[in-house]
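Look for chain A in each of the two complexes below; its partner is chain B in the first and chain C in the second.
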Partner chain A sequence: MSQIETFYEVMRKQGITRRSFMKYCSLTASALGLGPAFVPQIAHAMETKPRTPVIWVNGLECTCCSESFIRGAHPLAKDVVLSMISLDYSETLMAAAGHHAEAALEETIEKYKGNYILAVEGNPPLNEDGMFCIVGGKPFVEQLKHAAQHAKAVISWGACASYGCVQAAKPNPTQATPVHKVITDKPIIKVPGCPPIAEVMTGVITYMLTFDRLPELDRQGRPAMFYGQRIHDKCYRRPHFDAGQFVEHWDDENARKGFCLYKMGCKGPTTYNACSTVRWNEGTSFPIQSGHGCIGCSEDGFWDQGSFYNRVTDLTQFGIEANADKVGMTAAGVVGAGVAAHAAVSALRAAQRKTQDKKEEA
Partner chain B sequence: MTEQSIHTPNPDVYPLESSRLTGDATAQDIESIRKRTSVFVYEWPVRLWHWVNALCITVLIATGWLIADPLPTMTFAEATHQFVMGYVRFAHFAAAQILTIGFFGRIYWAIVGNHHARQLFYVPILNKRWWREVVFEIKWYLFLEREPKKYVGHNPLAQIAMFFFMTLGITFMIITGWALYAEGAQAGSLSHNVMGWLIGWVGNTQFLHSVHHLGMWFIVIFMIVHIYAAIREDILSRQSMVSTMISGTRTFKDDRPD
Partner chain C sequence: MSQTNLVVGPFNRVEGDLEVTLDISDGAVAAARVNSPLFRGFEMMLLGKDPRDALTITPRICGICSISQSMAAALALGDAAGIDMPPQGRLIAALLHAVENLADHVTHFNLFFMPDFARPVYSGQGWHDQAINRFTAMEGSAARAAVTARADLLHIVGLLAGKWPHTLAVQPGGVTKAPSVADKVRIQTTLRSFRKYLETTLFGRPLEEFAALTTHDQLQTWTTGDVGLFLRISSDIGLETLGQGAGRYVSYGAYPLPGRRAWAAGVWENGSLHPLETEAIREDLSHAWMLGPDAHPKDGKTEPDEAMRESAYSWCKAPRLAGKPMETGALARQIIDGHPLARTIGTGVEARIVGRLLEIARTQMLLEDLAAQIDPKERFMTTAPLPKSGSGVGLVEAARGALGHWTRFEQGKTTQYQIIAPTTWNFSPRDSAGTPGPLEAALVGAEVRAGEDTPIAVQHIVRSFDPCMVCTVH
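Showing the complex of A and B:
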């Protein structure tokens, strides 16, 4: 590795024409919600900046984030994307294995101290000293801390790294812990989703390369440009919601008409993501478009929010099958019965006293 | 002295002792009762707030229920021209805004209004006599006391219920409700600027929906108890209840001093 190539050089080597390159820049600009004035800026950054080294580590996860990432269509096809960022360590994608792979990790950390981005897919389990996830013979939490020590920034890919996802769902036996609770001294960008949308992943990286800073984050540390709005607010079925037209049962006539999936438990109203705008697989579709409600996979603890198929969801604090209505109705029923009984006793007492008073008078 | 009356100045008798100490009665109230057996308690803003609040809560419960569990699907026009869920949500949000303004108005009136306008906003837990009266009221409701006492404002037990169910309950519903509204209003809106912190703090707002829904049941339970107690006391107690919230005047049915 003599000199690090710029993105533009890499892309030209891959046979990308300048015309396609400029197209890519404008597509990226619009994907990031930027005006046309930013296109030259992106092009300039791509032409002059050396590729940012990225270390991609995997903890407790299912690799769906990697699977999503390599299917990125806009900004670019997968091979160019992979060349773009100088992915120096990635267990899933790198050719090296075993000691060579671990050596590459050490070399990158040593060579680009303070300049590389650490991308984390999955999370470290902390129970039993982290023995539930071993990478290169050591607990993953050690590799994570080691790699994060000299990182410029950390990207938490997916629900696992951002919030914990299924392995952190109650009762969380391995004590799987999201990255931001283990690495506390680095800027962390959460890119939640199970998996995140490919274009969101590449978009976040492109933004960081272009402007040399983190994108604007919301209160939960997610890039506001992709996680600033709810699925519900950008859903193409929203008119049916406002009209009060719902799918009542799977496969009913309303389902065929494409009515709102709210009553089927769609979590669109509580989910912040770009699915209803960017969509998936080159903008082909997204869950609601294919007839299934959103399950809220990019939200904190979505496995512990009760059924995917109810709007009034179960509250596990009150037992497995209790939701707000069951709890509330039971309480109101008990109070109502109590009131009725109390009223009856009060009436009896009053009547009794009246007869007593009459007797006394007589 | 067998015929003790509240109208007769009598140095041996301490009129309305329990009410004066714990039932929200002032010296002027006692004087009023001495003269008329009635006392003006609730000024018009308090009464107006009570009924507006009651109406808003009724609308909020009905529409809130229909938001969590919408009406059956109906199609009488194209989706563009049909706004069933939209109107339900509109009613919910409109009632919620009126309730919020009303609640702030009520707090304002607690500051500028008469003595009784403040009773809703505190529980005198450091007052030992008040606790004794709470026990007395509990015994009255458990049929262990033959006769209730006279109170000018809320009785101590009612004060506890008002404070926890209304003052705290409404505050909770306003906070969670506005946070949920802020989600739809989106970042940059007034509601989001004010309540967005809660969205960020709870993380998954499905949780907010659940606790807001539980809060509705909390208020429903209060309504059951409140309406029952008001009617029961109107019949069985020694003072007016329901009409007091209409005219503002508390009338006593007897003129015994306590």
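Showing the complex of A and C:
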């Protein structure tokens, strides 16, 4: 371990100033919901701990996770994290090609055996012995298993790696399969979303690097700090939902007024993600803010739940046509129950599906 | 005379997976076969779903050009429903799309193409130190500047469309977000700072001056910015003549605005312009692991040959226009739109890069023009429900070239969906006549130095097309 430099040393080499470094530590602390007291702890960890090597591999995917990661994040966070994790093997970005790339992967695995984090973007298709995704002449699933064998932990980036995503949509022609169905003997952190929010990606990595342990996960294996609340819970259009004010057509007056998109098929009420708080493209906005409903891209099976423009039908008990007072009270009650039910389920680690969860809330 | 066979791949710094098999004879490529080793089957998944779901599913073909897919899907559905976006809706959709294309071009130059010149194989060249300093993969100063500038530019997409990648705001009837006056100002401010980046870092001089170049000789006098460095390298190692194409180009015309496309549609062949007739498109399956007859995309099927028969070598179909392979991309667009420089800089690696640089300058200018026309009082969306049954086509220009979606639906379910992506054209395998695809043809003659297992010349040629492999087969 001793020959690996610390995060801080890597950052200094990349020309990141002390001032930027401290700013990064406080940004991270607030992103992780940790408060200012943790800033020195994060800084200390970065100064003293050897950097954690990260191997980033791509299977059946669309590269949106890499793109979100490199394009979206706060420039400072992205800069620091990129240099920090120093993606030892990343197919989209690295310099080598062909056999050199293969050799680089092998060398990285060998060098950091048992010590690296394997970040997986995309997933392996298992149909026809994996022939639908070939990397270096071999099915991707083999590369994945090989790289996972000596990994300390695995991060499943995005909906593809976590759940399968649209390429697993019926009839799932290639039998695209999420990572956790193939790798069963390593801790796996799912960071779903199509793609995940850049700040969530950097936040998860920073947490693991700083505290040298996995973040607290919910029962689906997602970091609770980012996936603990529904988009609906913190949506800025929530008052309109509670008041029964809805957009009925894309171009109506209600759309201009920014009313609730529930009737346009918004999946915010059933989607656990940080979009309505962290937002996208450096906190600029998120889909609902641009007038389009949430499609629930961080939920398992979002691609096969009927049309994306169908209403979430199992929530009608919220009282759509009721008056504002009544709806407000009902909603408050439901949120309370939802939190309690969620906590209870986490504690029990029960393998309950979310649909059951919803019934409890109702 | 020595003859060998070389399989090159995986390629990094391209989007997705790619493998090229080379026949090498006397130190040069004698023949090339391009394999797209990744297949997902998007066209099959759309069948039986709500036709509108194409708006959400097709952008996920590609995290790089997702707005292009979004636009093509929206136009195809709009075509089927007889809906047209209101003028301001078209304007915002074009603005979103042009921002993505611009960001893609800047990425390609800085992160995908230029880093090859920092390789040790070029040590000893007068410009090598500068190339290392600017373009070493993931570390070079130019790469850093580009990534930051692009993240800022994409705020425009965040603002108008909620999120990037995989934006949802573009619909057949327009865009879901009506920008406010404040949004307009913020967009214009963002564009101003991006122009500053382009003019200080990439071009080193005003964009208008670059866009006004008309001849190769004039181009040679451009010495400023990273563009100047590229041109110096290019003339030093002969990128002008490397990887030459057949000079046959297609463009569907970029950015549908009210009454016109900002850049013209057409076909360029034998040094002259011809009208685009998409009826003459056929997808040839002779060398693809796909089953079924050759067909126009409105009738074509996607049925993978799971036996992966010996006579085929790629998941990619081979689209042909009137029986001929066509090259598509920024150079094609600029030639067809009539830019004098684009029409006189040849067909090789340098021409493809310069075509993209020209387009960077012209896209920035177009964006500024579009942003100035935003009128927050106007309508940005019309509602017109989709009919139960219908068919339509959506043709757009993605960063990498011509992208088409062909859809048909009956009783509210999609019954037919075919997509031809730009790299499907450029990286197509051979057709039944044995005619190679554009990349396969461009690779012939490329130098293979002694001991090279991933020939540097081959890499320059492959990357000059800016391939997007995830789109190619989808």
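By definition in this document, the second predicted complex is superposed on the first by the 300 of 362 C-alpha atoms of A that agree within 3 Å, B and C clash if a C-alpha of one lies under 4 Å from a C-alpha of the other, contacts with A are read in each partner's own complex, and residues count from 1 in each chain.
Methods note: a contact is a pair of C-beta atoms (placed from the backbone, for glycine too) under 8 Å apart; a residue touches a chain by one contact, two chains touch by 3 or more.
Worth saying up front: this structure is predicted, and the values here are computed from it rather than measured.
J.: After superposition on the shared chain, which partner residues are touched by A:251: those of chain B (first), chain C (second), both, or neither?
T.: After superposing on A, A:251 lies in contact with chain C but is clear of chain B.
J.: Touching A:239 in the superposition: chain B (first), chain C (second), both, neither?
T.: Touch partner of A:239: chain B, not chain C.
J.: Taking the superposition as given, does A:311 touch the first partner, chain B, the second, chain C, both, or neither?
T.: After superposition on chain A, A:311 lies in contact with chain B alone.
J.: In the superposed arrangement, which partner chain does A:267 touch: chain B (first), chain C (second), both, or neither?
T.: After superposition on chain A, A:267 lies in contact with chain B alone.
J.: Thinking of the overlay built on chain A, is A:174 touched by chain B (first), by chain C (second), by both, or by neither?
T.: Only chain C is touched by A:174; chain B is not.
J.: Output check: A:300 vs chain B and chain C. Expected answer is one of first, second, both, neither. What do you get?
T.: So A:300 only meets chain B here.
J.: Contact-wise, after the overlay, does A:287 reach chain B, chain C, both or neither (first, second, both, neither)?
T.: second
J.: Mind working out whether A:219 is in touch with chain B, chain C, both or neither, as first, second, both or neither?
T.: first
J.: Of the residues on chain A, which ones does chain B touch that chain C also touches?
T.: 306
J.: Within their complex, state which residues of chain B touch chain A.
T.: It comes out as residues 68-75, 79-80, 82-86, 88, 141, 143, 183-184, 186-187, 196-197, 199-201, 203-211, 213-214, 216-218, 220-221, 224-225, 228, 232, 235-236.
J.: Which residues of chain C touch chain A in the complex?
T.: By the definition above, chain C touches chain A via 7-13, 15-17, 19, 37-42, 44-45, 48-50, 52-53, 55-57, 60-64, 66, 103, 111, 115, 118-119, 136-139, 144, 147-148, 150-151, 154-155, 157-166, 168-169, 171, 173-178, 304, 306, 308, 315, 379-383, 453-454, 459, 470.
J.: Can you check the complex and tell me which residues of chain A touch chain B?
T.: Going by the criterion above, the answer is residues 163, 218-220, 224, 228-230, 232-233, 239-246, 248, 254, 259, 262-263, 267, 269-270, 296, 299-302, 305-306, 311-313, 315, 323-325, 327-329, 331-332, 335-336, 339, 342-343, 345-346, 349-350.
J.: Tell me, which parts of chain A touch chain C in their complex?
T.: Its residues touching chain C are 14, 58, 60-68, 70-73, 75, 78-79, 82, 87, 91-102, 125, 127-128, 131-137, 165-167, 169-174, 176, 194-195, 249-252, 255-256, 275, 279-282, 284-293, 295, 297, 303, 306-310.
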